[in-house]
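Same chain, two partners: chain A is paired with chain B first, then with chain C.
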Partner chain A sequence: MFKMSEYAFIASVLALSLALLCYIVAFVSARMGMARMQLAGAGGPSISTPGAGWASALATYGTLIVWLSFIFVSASLVFRTIALGHGPFANMYEFSVAFSWGTLGAYLYFERKYHLRTLGLIALPIALAMQGYALYLAATLPTTSDPLVPALQNNLLLSVHVAVAIVAYGTFSVAFGAALLYLIQPAEGRRGLPKPEILDEISYRAVIVGYPFLTLTIVLGAVWAEQAWGTYWGWDPKETASLVTWLIYGAYLHARVVRGWTGRRAAWLLMLGFGATLFTYFGNYFFGGLHSYAGLDQ
Partner chain B sequence: MSEAIRPPARSGSSDLLDDFEGNNLKIGGFDVFERLWHLFISMRTGLALIFAIALCSFVGTMVAQVPQGMAEDKTAYAVWVDGLRPKYGGWTNIFDALGFYGVFSSWYYRGLVVLLSTSILACSINRAPKLWKQATNPRIAMSPGFYQHAALRASLTVPATLEQAQVAVQAQFKHGGYRTIVATSGSGVDIYADKFRWGPFGTVFAHLSIIAIILGAIAGSAGFRDTAFVAPVGSKVAVGNGTNLSIQATSFNDAYYESGQPADYVSHLVLFDGSNQVMEADVRVNQPMRYGDVSFYQSFFGGAAAVRVTDASGAVLYDQGVPLQFQSQSGSETIGQLFLPDRDLAIYVVTPASGRVDSTIKTGQLQFEVYKGTAQTMIGTQVVGPGKPVQIGDLTYTFVREQRFTGLIVARDPGANFVWLGAFLLVFGVGLVFFFPNRRIWARVRQGEDGTVIEAGALTRHDVMFEAAFAKLVTDVKLGLAGPSAS
Partner chain C sequence: MTSHPVTGPAPATARPAQLRFGRPSGGAAAPTTRPARLGRALWRLFTSVNFAVLQIIYLALLGVIGMTIRQLPSFAFHSLGDYQGEMTKLQAIYDPVLGEGVVDAMERLQFFQVFTSAWFSGGLIVLVVSIIICTLDRTPRLWRMAAEVRVAQPQPYFDPELPDRALIPGAPAAAVVAGILRRHRFRVRTAADGETGATFIYGDRNQWTKLATLFTHLGLILFLVAAAVTSRLGEQQGLVVAEGDSLTVGPIGTPGLLLVRNYGFEAPGFETGKPTDFTTDLAVYRDGQLLARKVIRVNDPLEIGGYTFHQNGFGPAPELVILDRTGATLWTGPVPLTESHEGFPFGLLSVPGRDVGLQLLLDRGADGAAVLLVLPYRVTGTAADGTPQISTLDPMAISRGDWQTASGIDFAVGFKSMSDYSVLIASRDPGQGIVWGAFLSLITGILVIFYLPRRRVWARLSADGELALVGRSDRYVDFEREFGRLLDDLVKARPQRLAAAPGSGSAPGSGSDADAGLDAHAGAATASTGGA
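Then we have the complex of A and B:
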């Protein structure tokens, strides 16, 4: 099962690399075609709009390959879950595979809903970076997981607490991608990129999906901490970092909904929020604490 | 939290007890209470407080935090801070002066939490009545201007009677899961439709949940949390802290995987309430024992020495395990201590640390060091093997055998239920508001020159799903009434 999990993961990495290549080539081709049409006095397509000839077909294939990559990484997680008897979330290799799964899942969800493949130009590299990081860990450490240490011996909470976090991280990756695409455009938008107001909305929609999951992650973490560490809140650096992340996204939601912060200010807040998400995720490396078993001690 | 909205000025009030407006505290012409109220319900204030707390929390994450209880011991704290100098260099004292080593118990952190709680409470009080009115008594008829400027709007002219159009609109709303309220006037029919009208109350639940969690945390301070409760195997140890409980650990076992990683720590505990045995359980990490509102968690373990102390008449003064919790500075010995307050004696038991051969005490032996009074005057010291009594001063000391101790966290948290209630409300509230968004659509049906005119409008913009649902509703109404011309 471990071997099958590894093979499925490698297949996912290869598929994702290919999909990203398709997206980049399709986008660059569409931009070049658009520039030529501009010279000829006509508008041009982006990879989000069908009808741009082979570039559009390439983008469509790219999305299909993203789906394939998602299926492979899902299979990898399932095989590993069967092999371990609990969610494969006990070390950074497993977290990183799961993070890529969350990002791909969130991207595909929003891609289906809004038909904006350009979002993939940011979301897919994030997922691929996580997979590359997992590959690096797999190359430097054994890929079979040790049995759980006593603090982690709670299969239900280990599986649910981290799975819920992965959904939050995945949606925040998409929110970050949309916000970044927003920020690289001038106020009136840039041809070939999605309209700024749609990107603003996607960011918001992604956060309102992710925020309840982050809330649940923290609450489940508190439930688990009470059972394992004897207190529901111990100001452990990782839990405090997750609180900081929760506060930043909470501020974003309040600012956007009540004070009408849309556009650039909201997008910058999402940059900060995703920075906090990565800080929480990679925090094991530099702030230790009770979550330190989840580091490189695989 | 909500945006600050200035209430309309009250006028014509004459009730002496009901209207204190004229007597509000005014400083320099400003109404202090009103100013404070507007300050706390302002989203700007709320955001500033959230960012300030996030910033302080970030500092607390990055800078080492003093272990619980150490800050009160000035000497221990100074030693601990000195240990940080290689890490923080010249910043060490600056961080100390700024209170960065105890951010979460600092006055400014607590102050920010109090201010944010006040802001949350004020905003909830300010917002709840409006939400209630919106859910139970919404505005049904909108002005013609609304239908011309609403973010989402549609207008249909249909060859149907006013009643047929009304029925068709209501039917489509009902089909889409909307509740409808109809108001008929001389000029036509106004229809209000909504879905998930209780969704916005999720914000109230979520905000109040934070208050509940903070109150729970405050109430928790009335309990206790002993993180260093040590129970030598076989000995009965009082829990103290206002309880009548005592614990006897009958065994402790640790198991390891082949890789050397720990696999299991388990203590078998027997709990006594007074002299009655009330409970018995295996306690593991992740598997605490609970009795009433007191919980026992497996935390740490170590070696212990079973010691018996008798006086000249043979009376037993002490017959318990002494946990070897401390280490000598060189690390070559483990040390335990016991006190005989009636005799004003402090006795230290010292053994070679596991795996260390550089101790002057041989493996399997134990050294008794006996001191008297607060001046810690040494009475005597002797090294003995197991089972051999030795005389030090006027008492006889016996190292009975080696044993182990289990270290527990024992806690009673009277605020925990508040915290769990708050946590539940938080998840429930956040889920309610985001996964069940309130949808509101207004429609009106009027008799026009070319037929019956149906207009619809909604305030939500940039919500693709709602836009699609709105467009579908309009299309379905159009299809349901034959031969329309839409605009």
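Then we have the complex of A and C:
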């Protein structure tokens, strides 16, 4: 089963790389086509060129390959779960694979809902970076997992606590992607990129999907900590980082809902939020604490 | 169906219902006294979103400081020696980077105890006050927004040029429209306009869910209340109990005192460096009566007598026997080596009836077997900084099963065998129920706010069968699609003759707002009904 999991993961990495290539080529082709149209004095969305049709087809294939990559990485996680007897979230290799799964899943959900493949230009590299990191860990460390350390021996809480965190991280990746695409455009938008207001809306909706999951992650972590160590909260670096992340996204939601913060200010808050998310994810490397067993010791 | 007759036409200047409940401005007379002005200014400050964001950023920054700068462990505050020891470690880390003296300045600013600092506590207090004031400030408006429903809207409100509107000519009867709304899980109210003959049909779904924000805020306050209750009334103590030993949970003489006994500790796989479990066979007694006995492990504590006993740690406890020259026993039993000296387990033992103590350090001999290094000492005085001054005697290295004595002492020390001690955390937390209430309140509030937002539909069915619709939702939902489905059902329910006519009905938003390139269908979903 471990081998099956590894093969499925490699297949996912290859598919994701190919999908990203399709997206980049399609995007660049479309941009060049538009530039040619503008140079020729043509304009308007109804005008198409043979190149634009080709780029669109390539982008469609790209999406299909992203789905394939998602299916492969899901299979990888399922095989590993069967092999381990618990959710595959006990070390950084497994967590990184799961992070890429969360990002791909969130991207595909929003891509399906909004038909915005441009989001993939940011979300897919994040997922691919996580997969690359997992590959690096797999190359330098054994990928078969040792028995869980005693503190992690709670299959239900381990699986649920980390699974909900993965969903939150995945949706925050999409929110980050949309916010970044927002910030790189002038206020009136840029041809070839989604409209700023749509990106603003997507990032907001991504956060409202992810925020309850992050809340649940923290609450479940606190419940687990109480059961394992007799205290709900110990100001462990990772839990403090989670709280900081929660506060930042909470500030974003309040600022947006109550105060109507949209646009660039909101997008910058999302940059900060995703920075905090990555800080939470990698923080145990630098600061140790109760989550340090989830590091490179596997 | 609830029917509300309308006595007259709605005034043309009337504002839409959801706009009626704005913040009252200028209604109350400006306060004249200084305390009143100050009170109003403070109220404004605490209800300001900018101030709330500022507070969150402030707490987040302190969190980052607490994460990045090594914090003093809680045991550093148990004694002056522990504190000095930990400060020395901090100086060793930061002095080379920051220069001498900076660590002391940072300690004065409480940077090494951020989460118990005045900065942090102050921030939390301000946050609680802010949450309470914001909740008090918003509750009346939230209540009015939820409770006050306006079924009839003036005609301009249905202007199809505005976003989130639709116009369906030849619409079905009012009862059919109401039925379709109900099928879409709206609570329906109707009103008749006696003058124009129009019928207003109003659908409301999740009418009260906006109030869930109060649960979220209540949850946050309850967390902080629970933390205060736990720190004031709760109790947490570490119990170091060697195998075969017993220990009281609290001072002797306390009524209802509990006593714990460690019947055995196991750490399978420890010798490989990867233990698979830590277990303690633990029994709890009160007044000599066994209350409970259980093998506890990290994720499986024992709850009894108002306490919860958690498996927290373990270490070696060599079993010693100390005999005087007559062969009388001065001490027998395991000695937990709870400290560490240069990576080796280390502990102290005061020899009963003697003015001598033993420093014990566990090492391995050349053959890998355990060797106990014993250094007897006498306390000769107290240094200026309060630490005891000692004079050491001749050291001893004792293998398992051996006896040794040294010059200057009148007893022999025997290293009988090795056992383990278990560190248990005994906690009693009267704030636990509040914590669970806080969890429930917070999660419920967030889930309801985000996943059960309020949706409303106003419909005006004119006498000539034209149905004008307005669909609105709180901003947390993809209502455009839902509204589109509702319109589809209404269009389908029209009389057959009209439904077949091409171009009839103007359900909004099928236009593509496509950008070139990757996003061939971009905007089809969000552009459907615009965004109010």
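In this section, the second predicted complex is superposed on the first by the 289 of 298 C-alpha atoms of A that agree within 3 Å, B and C clash if a C-alpha of one lies under 4 Å from a C-alpha of the other, contacts with A are read in each partner's own complex, and residues count from 1 in each chain.
Methods note: contacts are C-beta pairs under 8 Å (C-beta built on N, C-alpha and C of every residue); 3 or more make two chains touch, one makes a residue touch a chain.
Just so it is clear, the model here is predicted, and its values are computed rather than measured.
Asks: With the two structures overlaid on chain A, would chain B and chain C clash, or do they fit side by side?
Replies: When both complexes are placed onto chain A, chain B and chain C end up clashing with one another.
Asks: In the superposed arrangement, which partner chain does A:L181 touch: chain B (first), chain C (second), both, or neither?
Replies: The answer is neither, since A:L181 touches no partner chain.
Asks: Which holds for A:A30: it touches chain B only (first), chain C only (second), both, or neither?
Replies: Once the two structures are laid over each other on A, A:A30 reaches chain C alone.
Asks: Comparing chain B against chain C, which has contacts with more of the residues in chain A?
Replies: Between chain B and chain C, the winner on chain A residue contacts is C.
Asks: Figure out whether A:L270 sits in contact with chain B (first) or chain C (second), or with both, or with neither.
Replies: neither
Asks: Answer with first, second, both or neither: which of chain B and chain C does A:A134 touch in the superposed model?
Replies: Touch status of A:A134: no partner.
Asks: Touching A:A15 in the superposition: chain B (first), chain C (second), both, neither?
Replies: A:A15 contacts neither chain B nor chain C.
Asks: Does the superposition put A:A59 against chain B (first), chain C (second), both, or neither?
Replies: second
Asks: Tell me which partner A:R191 touches in the superposition: chain B (first), chain C (second), both or neither.
Replies: second
Asks: Would you tell me the residues on chain A in contact with chain B in one complex that are also in contact with chain C in the other?
Replies: Dual-contact residues (chain A): 113-114, 146-147, 149-151, 153-154, 197-198, 201, 204-205, 208-209, 211-212, 215-216, 219, 222-223, 227-233, 235, 237, 240-241, 243-244, 247-248, 250-251, 254-255, 258-259, 283, 287.
Asks: Residue numbers of chain C touching chain A in their complex, please.
Replies: So the residues of chain C in touch with chain A come to 49-50, 52-53, 56-57, 59-60, 63-64, 66-68, 71, 115, 227, 236, 269, 274-278, 297-299, 301, 308, 310, 312, 425, 427, 435, 439, 442-443, 446-447, 450-451, 475-476, 478, 513-526, 531.
Asks: Flag every residue of chain B that touches chain A in the complex, lowest number first.
Replies: Chain B residues touching chain A: 1-3, 43-44, 46-47, 50-51, 53-54, 57-58, 60-62, 65, 104, 217, 225, 227, 257, 259, 261-265, 284-288, 295, 297-299, 409, 411, 413, 416, 419, 423, 426-427, 430-431, 434-435, 462-465.
Asks: So in the complex, the part of chain A that touches chain B is made up of which residues?
Replies: Touching chain B from chain A are residues 113-114, 146-147, 149-151, 153-154, 197-198, 200-201, 204-205, 208-209, 211-212, 215-216, 219, 222-223, 226-233, 235, 237, 240-241, 243-244, 247-248, 250-251, 254-255, 258-259, 283, 287.
Asks: Mind listing the chain A positions that touch chain C in their complex?
Replies: Answer in residue numbers: 23, 26-27, 29-31, 33-34, 45, 52, 55-56, 59-60, 113-118, 120-121, 146-147, 149-151, 153-154, 157, 191-195, 197-198, 201, 204-205, 208-209, 211-212, 215-216, 219, 222-224, 227-233, 235, 237, 240-241, 243-244, 247-248, 250-251, 254-255, 257-259, 276, 283, 286-287.
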